[in-house]
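Input: structures, listed below.
Two complexes follow with subunit A in common, the first pairing it with subunit B and the second with subunit C.
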Partner chain A sequence: MKNGFRQSMAWLHTWTGLLLGWLLFAIFVTGTSSYFQEEITAWMTPEVRSIPADAPTSFAAATRWLEREAPGASEWSVSSAGKRAAGLQLYWVNGPDAPADAPTDARLDGAGRKADARETRGGDFLYRFHYNLHYINWYWARWIVGIAAMAMLVAIFSGIVTHKKIIADFFLLRLGKGQRSWLDAHNVSSVLFLPFILMITYTGLVSLATHYMPWGIAANYADEQKFFDTTFPWPAPAEKAGPAPLTAVAPLVERAERTWGAGAGSVRILNPGDRTAQVIVSTAPDANMSVRPRSLTFDGVTGKLVSAHNPSGAATATEGTMIGLHAGRFASSVLRTLYFLSGLAGCIMVASGLILWTVKRRAKLADPDRPHFGFRLVEKLNIGAIAGLPFAMAIYFLANRLLPVEGAGRSDREIAAFFIAWGAVFVWAAARPSARAWVEALAAVAMSFALVPVVNAFTTDRSLVTSLIAGDWVFAGFDTAMLVIAAGFGWAASKVLRRSASPRTTSGKRPARSPSAEAA
Partner chain B sequence: MSRAVEILHGAAWRDVAARALAAVPLNYAVTSALTMLIARILPGGAQQASVGATLLSFLIFAGVAMTAFAVRSVSWLWAGLIATGVAAGLADWCFIAWGGRL
Partner chain C sequence: MIHFLLLVLATAGFGLLCLSRERHQRDLIGRKLPTRTGHYARWSGLAILAIALLLAGSRLGWGAGTLEWLGLASVGAVLTMAVLSRRSMQR
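What follows is the complex of A and B.
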C-alpha cells in the first residue's frame, strides 16, 4: 500500500482485529475457563464426591459394573479425563439381544458406584464452545473459529511489525490517561504475554489442522480415511467365537502403567466374555505433554500382550506436543494457574484492543453527542461481547444451582440460560446510552458472579465455609474465584461510572491545549 | 469521520478489495498447493510428511496474507501468487501422476 509497510500493517492490524475481535474475545474467555474445565464440572455436579483412587482399582471396579449391567455388549469403554476429573465415563455398544432403548453410557465414581448427578454439560460446554460454538453446525463453526484464529495470527504478526519500541512497551503502563492508557494496556498484555499468545494461536490452529488444511494429507493419500486409520488406530470387535471368561483387568492396567512409566487413562474391551476378547489400555490425557496416546493391546482371555501402539516420528511428536501445549492437560496446579493468567491477559488484549478502537475515534468525532452509525454499532457490540459473555457464564453457573435437579433436557436449559443472558446484554446495550450501558452491564456481571457462592451455599451442603473447613480446594477455589471475578468487574464498573460522571475532564483538556498550540 | 474510513474511498476501495481477495481465497489456493508440494518432499514417510507439511501451512498462509497488504503493486502481487500457485500445482500433479498415492 502507498503509505509504507508499517502503516499498512497498522491498518491491517486495526481492521482484522476489529472484524473478528468479538468472536476472538468469546473464544479466549471460554478457552481460558477450560484450563479449569474439570474443576468447573466438579462444581457443577456437587453430588459426585469421590475422585477415582488409583487407575487399576477404579478401572477394575468399572469393569465389574459393566459385567453386571451390560453383559452382552460387543464393546466396553472406560475412560478418565485425568487425575483432576471426578469419576469415570463409561460407554458401551449393546449386543443384538438388548432392547433398542437400553442405555449406552454411565458415569461412575472411583469406587465403581453409579454417580447420580444432576444432568449438566459442566465445563465441557464452555470447552466445546471455544471451537465448536453452539446451535450451529460444528463443521462450519470450526471454519468460523479457524478464520478468526488465522486473523489473530496475522494481527499478532502485523502487530509485532507495527511496534516500534517493543522492549520499551514491556515496562510501560500509564494508567488514568485515557487513550494512552488503553494503548498501554493493549501493548502490555500483548507484548508481555506475546510468547503465550503466539503459541496459543498457532497451536489452536494446529489442533484442528486437518480440518483447515486437508491438502497435506491429500498429497500422499488418495483416501483420507487411510491416513486417519494409521494415525489413530481404532480396531473393531471381531466376530464372536464362543464364551470364555474375561481376564482380570487390574493387572493389565498395572503392567501398562509400569511399561510406560505414565498413568493409564482409558480401557477399551472388545467382545468382553468371548474367546476373541481384547483389552486395549491407553495413556491418560494428562500423562504426557503430547496429546497422542500410547496404547497396549492384550488378549482378553489369557492377558498376554498382543501389540503396542507408540506414535513416534518427528512430525507427530511436534504436532502432539503443540496440541498438548495448547490444552495444558499435563500442567501441574502452579503451571495451570500461569496458563489461566496468561489466558486472562489474552482476554484483556482483545478487549482493550476493541475498546481502543472506539476511544481513538471518539476524540475525532464531528459531533461526540451523536456519533455515526458505525461508531455506535462497535460501541454496542463491545458492551454485548465484553460484558455480555462473562454475564452469561455467571448465569450458567447460577442456572446450574437454581434449575430443578430432576427433569429431562436440564443441561439444554442451562445452556439456553447462558445464551438468553448473553443476548439480553446486547439488547440492553442497544437500548441504553452507551456510557450508562457499560456501567450497568459491568455492575450486573459483578453482582451475578458475587451471587454464585451465595446461591451455592443455599442450594447445596458444600458452601464456601464448609469447603474451607473440609479442605475441599476445588469447591473453595471455585467460590473464591467467583468472588475475585466479581470484585474485578465491580472495580471496572466503578471506574467507568466515575469517568462518565465527569465526561468533560478528558475532553476538557483538549480545548485548553489547542489555544496554546495556536498561540505557539 | 476517521482517517481509516476516509482512505477507503474510490480507488482505495478497489485496492483493498484486490488485496483482500489475494490475501484470503487466492492465498488459500496457493498455500494448499505449496502444502501438497512440501508433503511430497519432506522425508520420514507419507504420514510424517503429511503432518509436517500441515503444521507449516499456517506459517505460509500468515506470511502470504501479510505480504498481500505490504507490497507496493497489486498487479505484481496477483501475478506472483498465481505463478507460484500454478508452478506448485504442476509439481504436485507430476508427483502424484508419477509417484502415485496411498
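What follows is the complex of A and C.
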C-alpha cells in the first residue's frame, strides 16, 4: 500500500509539475525579479536622478508643485514606493473648469522637480505579469495563475512524499552523472529552500484569496465594493464650501511619522485650498511587514488630527502580514538579497524539474534520433520557457534603451519587444534540432544580457564605470547583475555545447545540460 | 556584521550536521569518525543553528530575524553542499 501511495504521488508530481511548469517558471522568474522592482524601474528611467530626501521635505515639495500645476483639483495624491523608490508619483483629479485633456499625473524627483522620464512600465510590468499575465483579461489571468499556484502546492507536497530520502540526501549533489545529477539539483534546490518555496506559494494564493474565494464577502455584503470600502476606507472629497489656504504639509507628515515610528508613503489631499480640505497621510509600503497601511486624517486648514485608521482585526493583520511576507517590501537589503536568492532557487527547481522529465525519458526512447511527438513537444517548450523568458527580459531592457525616447505608446512597444523575443525563441526551438537549439538559445540569452550594460553605456551618461565612480549602487548593481546573469547563461551554453559535441555514450544518455544557474 | 556572523554560524552548523553523517565523512575529511564524535558533531551543529536563531531574533527582531535566519540557513546549507560536492569529485 505504501509503495502504491508513493508511486501515485510520484505520478501526480510528474504531471502537475510538467503541465504547469512552463507557466510556473515564468511566474517564478518575473516574481523573483520583482524583489528589485524599484531598482529595475530606476534603471529604466535614467532621466530620474533619485535625490535622497526625507519624506516631509519631498512631500511638501510635491504639494507646492501641485499648487502651481493643478490648483483647481478636487484631489491630489502623492505617493512613494518607499525608501528605494526613484522619485514620487503624483495623481490628481481636475476640477470642472479644467480642459478635458489636461494631464492628471506626473513623476517628480526627490527634490520636487518634474522628471521628464521616458515612458516605460519599468519593473512594474514584470511585477504585474507575475499575477496578471498580459494581453489577456486580468480576471481570467488571475484564475490561470491561481491554478498554477495550486498545482505548485500539489507538486510540493507530492514531491515531498515521492522524495524517499530527504534527510539522508540532504546535502547530496553529485555532478557529471547525467540523470542522477539533474535529480540531485532538483532535490537540493527544493529541499534546502523548502521553507521559502512553501511560504511563497501559499502566501501567493492568500494574496489573491478574495479573487478565488469571493463567497465570504458575497455572504455578508450585498455589494462587493461595500466590503472593500469598509475594510480599506477610501474617503471621497466633500462638497466644496469656499476657499481657505491649505495648511503646511511637512509638519503633518512629521507628526504622522512620529506617531507610527515608521515612514510615510503617501499623502492624499481632498479639496486642496477649500474649507473642507483634508490631508490623509499613510504609512509607506516598506514601513511594516503587513502591507495594510495605517493612516492619519488631518483637517486641511487647521492641521488638527481628525481621525486615525489602523487596520484592525486578527484576520486582516494575518492576511496583510502574509502578503507582506510574499512581497518582501519591508525587507532590508540583506533580507532582500536572500529573498532574491531563494526565488532563484525556486526558478532552478522548476527548470531542473522540467528538464528532468526529458532526461529521464530520453534513456528509454525506442529511437533516440527520432523521439515521439510528445517528447519533442516537451523539449521545445522547455527551451522556449527556460531560455525564452530570460531572453525576453534582456530584450525588454535593451528595448528600453534603444527605442526612441520620445513618442506615444513607447511603453507598449517595450512590452511588445518582450513578447516578440519570447515567441521568437519558441519558433527557433521548433525549427532547430533540440540539442542545438539549447546551445543557441542559451548563447543568445548570455549575449543579450551582456549587451545590456554596453548599450546602456552608449545611450546614457550613466555607464557602469560612471556609476561605480559616482557610488550609484542601483545602476552599478543593475549592470553588474546583467553581467553575472550573462556569465551564468554563457557557462550553461558552453556546458551543453561540450555535452552535445562529445560522442554518444553507450547508455544512449545525452542530456542537454542547461541553465542550472542564474535563471533570472 | 551581524549578517556575516549569522552566515558563518549557519554554515558551521550545517557543516557539522553534514560531518555527523557517516556517508559524508570520508569525502569531507578523508576518514571515518568514531560514532561518539559523530554524535557530538550532530548536537553541536544543531546547537549552533539554534544559537544563530536566538541571535538573529534578539538582534534583528523576531519577525525579520526568523526570516533572515531561514534565508541564511539555506545559503549555509548550499555552501556545505557545494564543499561536499567538490570534495567528493576530487576523491
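Heads up, the rule we're going with is that the second predicted complex is superposed on the first by the 498 of 520 C-alpha atoms of A that agree within 3 Å, B and C clash if a C-alpha of one lies under 4 Å from a C-alpha of the other, contacts with A are read in each partner's own complex, and residues count from 1 in each chain.
Rule of thumb we're sticking to: contacts are C-beta pairs under 8 Å (C-beta built on N, C-alpha and C of every residue); 3 or more make two chains touch, one makes a residue touch a chain.
The structure displayed is predicted, hence computed values, not measured ones.
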{"item": "Touched partner set for A:319, first subunit B, second subunit C, both or neither", "value": "first"}
{"item": "Partner contacting more residues of subunit A (subunit B vs subunit C)", "value": "B"}
{"item": "Contacts of A:195 with subunit B and subunit C, given as first, second, both or neither", "value": "second"}
{"item": "Contacts of A:437 with subunit B and subunit C, given as first, second, both or neither", "value": "neither"}
{"item": "First, second, both or neither for A:86, with subunit B first and subunit C second", "value": "neither"}
{"item": "Partner chain in contact with A:345 - subunit B first, subunit C second, else both or neither", "value": "second"}
{"item": "First, second, both or neither for A:335, with subunit B first and subunit C second", "value": "second"}
{"item": "Residues of subunit A defined as touching subunit C within the complex", "value": "168, 170-176, 188, 192-193, 195-196, 289, 325, 330-332, 334-335, 338-339, 341-342, 345"}
{"item": "Subunit C residues touching subunit A - in the complex, by the definition given at the top", "value": "3, 14, 17-18, 21, 23-24, 63-64, 67-68, 70-72, 74-75, 77-78, 80-82, 84-85, 88-89"}
{"item": "Interface residues, subunit A side, partner subunit B - complex", "value": "1-2, 5, 8-9, 11-12, 14-15, 150, 153-154, 157-158, 161, 202, 205-206, 209-210, 212-213, 215-223, 226-227, 230-231, 313-316, 318-319, 322, 360-361, 364, 366, 372, 374"}
{"item": "Interface residues, subunit B side, partner subunit A - complex", "value": "1-5, 15, 19, 31-33, 35-40, 42, 44-55, 57-58, 61-62, 65-66, 69-70, 72, 92, 95-96, 101-102"}
